[in-house]
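Note that subunit A is present in both complexes that follow, paired respectively with subunit B and with subunit C.
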Partner chain A sequence: MKYLKLPKEKMDFFTFILHKFGEVHAPLKRGDGQFAFGKVPTWSEVALDYNRTILPPKKYFLRPVDTMFRFSQERGYEPIIEDGERRIILFGVHSCDIYSLKILDLVFAGKYVDNYYFTRRRQVGIIGIDCTPDEHCFCHSMRADSVSDGFDLFLSDLGDSYLALVGTSLGDDLVLAAGPLFQEVTRSDILEYKRRSNERRKAFKLEVELRDFAGIMEMEYGSSTWQELGEKCLSCGSCSMVCPTCYCYDVFDELNLDLLSGQRKRMWDSCLRREHALVAGGENFREHRSDRVKFRYYHKQRGFVAEYGRPSCVGCGRCIVACPAQIDIVKVIEKIRGEESGNYPVEHGAVR
Partner chain B sequence: MSMALYAKEKNPYQPHLARIVRIHPMVKDNYLFQFRFLEEELAKGFTHRPGQFVMLSVLGTGEAPISISSSPTRPGIIELCVRRVGRVTDALYRLQHNDLVGIRGPYGNGFPVEEMEGNHLLIVAGGLGMAPLRSLLWYALDHRSRFQDIILMYGAKSPAEMLFREELVSLTNRHDLSCLLTVDRDDTGTWKQHVGLLPSLFDHATIDAAHTYAAVCGPPVVFKYVLEKLLERGFSKDRILMSLERRMKCGVGKCGHCSVGYKYTCIHGPIYTYWDAINMPEII
Partner chain C sequence: MAKILLIDDDPDFVDIHTAFLEKNGYEVISAYDGKQGFQKAKVEKPDLIVLDVMMTDRTEGFYTARQLRGDEDTKSIPLILLTAIHQEEKAFHFAPDEVWLPVDVFLDKPVRPERLLEEIKRRLKKE
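After this line comes the complex of A and B, so read on.
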């Protein structure tokens, strides 16, 4: 893999060059210590030292609401898929979020390829950036703390400069377009990279053990912990909205005023919502909140593993931060594993 | 922003227009609709496995998964037994002969017919459970030589609530099929078949469990009692096949709604063996 060095003082030049490749989007401050990916107005507003964005990058590929078809009596269902003209360069994506896109890729590929998703995937270039874990990051346990692919370019902080790993031919084009901005990497840069990498590994405060968790979940299917969680959970679905690997969606038709034509749309959905498993006639396979909370964990940590070989969780910590009832996935897993240190879930209130 | 219309076959969500050829009011709020695709190529080329389903769109109301009641041995027309129970199906009931709907599919695994062939076949349906099983029944009857004995057990509350009643009653005359029909109560006085609960039909059948595949569909109570009977008769758990239903939005393993345990009903189902079912919580 090709790797180069980009001095930090050249960063605004580089982003200027990036504009030739597409609209540059990056993490921006959104009041009250929060961050969101958005179109960059000026480089000074970009917050590359962010911890996590409110919504993950999935919003670019599986949009919160998306039009799939327009329909009419005469013309039937006409698909609406944006073509490849518009490009976005998504700058400053953390490893866990890059990993999450690789997980979503698995879901939207397969026998039935979802071109709504993949057309957008092809339209967005990804420039990753390294990060320092905070108290809610457990990506190390989910093996999403570093990625070796899934990005066009990946930047790692070396102090005065970034080490840039070139992941794809687009990434190489970005580097070539920047010409002399990028420099050769020296031996001391490599040593610094390794030093920081080792240090970062020690910075993880939160660990969960998931290797045999699928089996334990089976055995604890009847655990009273699910009841306790059901009583706390508000079924608001915030955890699903902010989850970089939650992909459930609802499909609905919207009629135009003529009542003869309209659009078929899809919208993010959550398995925490009461309607999620409701079938025609009123039968609900997950009637109680505890059933639905349990299902979410079961699907991510057990079901997804059976289907795709790994859990659909990258340890980004967004659900922990977003939950209005202070439900903490790490504590839930510890509790199910019988490792919890205190009385779940009261103590977590103090952590926030 | 420019829009591109993708080739239809590339899009797994693409509904294809189909015309309502005939509406047959079988049972109150359970009509049989016959459809034919507008595109002749599709109308001729569409085939499926018994037990599979389609996604049915009624313009402006959305989509619903409906199991296919017709047999692939009789192509050209797709028959769907649709229960009037939600927004989409309610809108379908307001349509008439010649009106257009959207259909895409077929989806799901369907019955493993190749594996079942060469064996006896026992079909057990309760109530509306006949809808998906009729496809299998006619598949087997149209390929009669591929199966040994065929037994159908079907129970409904009353004759008026029996799906495909006339067709099935006429099948009782066939000598190459043991067609056992029962109703919980006969309110007509003219019912000449059995009266009693579905499991009681097991008293009228000789079953060689070791060489039989059982296909079961019905409301939860049917599964409970029928499974008991089948196990009593010595069926192995992977020779009991069950057709299940779930909420679905995509039909192609993406939207997440039909997920049960670690399986998607739209991909791994809707046909599960009893062994699968035991290993999946909340399945029935």
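After this line comes the complex of A and C, so read on.
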């Protein structure tokens, strides 16, 4: 893997040079100390020291609302051809979010490959950047606090400069285009990189133990904790909307006014919503809020582990920040791990 | 009378060149940052724009140039980029590029007013 050094004072020039490769998107300041990925209007609006964006990068690949195809009586089904070969360079992506894309890749490359997702995946270059964890970050516990692939270029803070790891041929092209802005890495840079890498682990204020957790989840299926959580949860779905690895969507047809043509669309959905498991005839497999919140935890922390060998959570902390009922995933996991959760109410048919 | 929009954060530069261009028969309007410049370009529809690069931040004018070229109302207005950026960044050479840096001319500051006038005349004649 090629590695070079980029002085911080050249970052504005480097960002502009990136426009040679496509539209540059980066974390931008929004109101109330929040951040969102968006098209870079000028360098001064880029906030590389952000904690987390409101929505994760998945919005570029699995759009909140997406048109899949058009249909009409005369022409049948017509694929949507949009954006052509327009490329986006997504600049300033944290490790946990890069890791989340690797998880989404696994899902969308499954039995039925999702070409909508992968077409966009091919059109978006990723430049990662390291970060300092805040009080809601637990990516270290989720093994998502560092990545060795999944990026074209990754920038690590060295103080006055960034160490740039080149991950792909696109990353190499980006470095070559900005040629003179990059410098050779010295031995002292490498030592500083290693020192900061070792220091970073100590910066985490939030940790959660996941050892044996899939098994513990299995054993605590009937825990009263799920009922308590259901009473607190508002079923608003905010946690799913901001989650970088939630990928559920609803498919619907939107008819035009002529009632003879229309579009098939898909829209982000959440398993917290009552309609998510509602089927024809009015049967609902997850009628109660406690059923739905429990399902979400079991899908991400248990089912996904069985299917893909790891939880579908990267510890970004977005759900903790977004939940209007102050449900904290770390506290839920701790409670399930703790002795006090081992209470089995009869109505929940606990021990299977 | 052709209308010229000067976008530069240096009031002295704007004052001197406004006086010079007015003396040479042009109507001159001005803006002091990229955002204001873009808005004025849309509303005033100048015949030519002279744009500085290093304003609120060092690459602001580059972004303004792209914004001007990406907007229906302003995309065909001749654009002269006038900047001292190569004094700041000697290692990298910035030059006009149809997609990346879509400007008509790239002039390095300091530039003699006569040289600027010559370029303005040439660009307006082309129009």
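As a working rule, the second predicted complex is superposed on the first by the 334 of 352 C-alpha atoms of A that agree within 3 Å, B and C clash if a C-alpha of one lies under 4 Å from a C-alpha of the other, contacts with A are read in each partner's own complex, and residues count from 1 in each chain.
Note that a contact is a pair of C-beta atoms (placed from the backbone, for glycine too) under 8 Å apart; a residue touches a chain by one contact, two chains touch by 3 or more.
Treat the numbers as computed from the prediction; the structure is a model and nothing was measured.
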Mind checking the superposed model to see whether subunit B and subunit C fit together on subunit A or clash? fit
Based on the superposed arrangement, let me know which partner A:A178 touches: subunit B (first), subunit C (second), both, or neither? second
Classify the contacts of A:D189 with the two partner chains as first (subunit B alone), second (subunit C alone), both, or neither. neither
On the A-aligned overlay, A:D291 touches which partner chain: subunit B = first, subunit C = second, or both, or neither? first
Once the shared chain is lined up, is A:D157 touching subunit B (first), subunit C (second), both, or neither of them? neither
Using centres of C-alpha atoms, tell me the angle at subunit A that subunit B and subunit C span after the overlay, to the nearest 10°. 130
In the three-chain superposition, say which chain, subunit B or subunit C, touches more residues of subunit A. B
Contact-wise, after the overlay, does A:V107 reach subunit B, subunit C, both or neither (first, second, both, neither)? first
Scan A:F16 for contacts with subunit B and subunit C and give back first, second, both or neither. second
What is the minimum C-alpha distance, in Å, between subunit B and subunit C after the two complexes are superposed on chain A? 13
Can you pull the subunit A residues that subunit B and subunit C both touch? none
Would you mind writing out the residues of subunit C in touch with subunit A in their complex? 34, 56-60, 62-63, 66-67, 89, 91-92, 97, 99-100
Which stretch or stretches of subunit B touch subunit A in the complex? 1-6, 8, 10-17, 57, 59-64, 83, 85-86, 89, 100, 102, 245-247, 249-250, 252-257, 259-264, 267, 281-282
Within their complex, subunit A touches subunit B through residues 68-69, 71-73, 76-83, 85-86, 107-108, 110-115, 221, 247-253, 255, 259-260, 262, 264, 266, 269, 271, 275-281, 285-286, 291, 295, 298-299, 302-307
Sort out for me which residues of subunit A touch subunit C in the complex. 10, 12-13, 15-17, 19-20, 40-44, 178-181
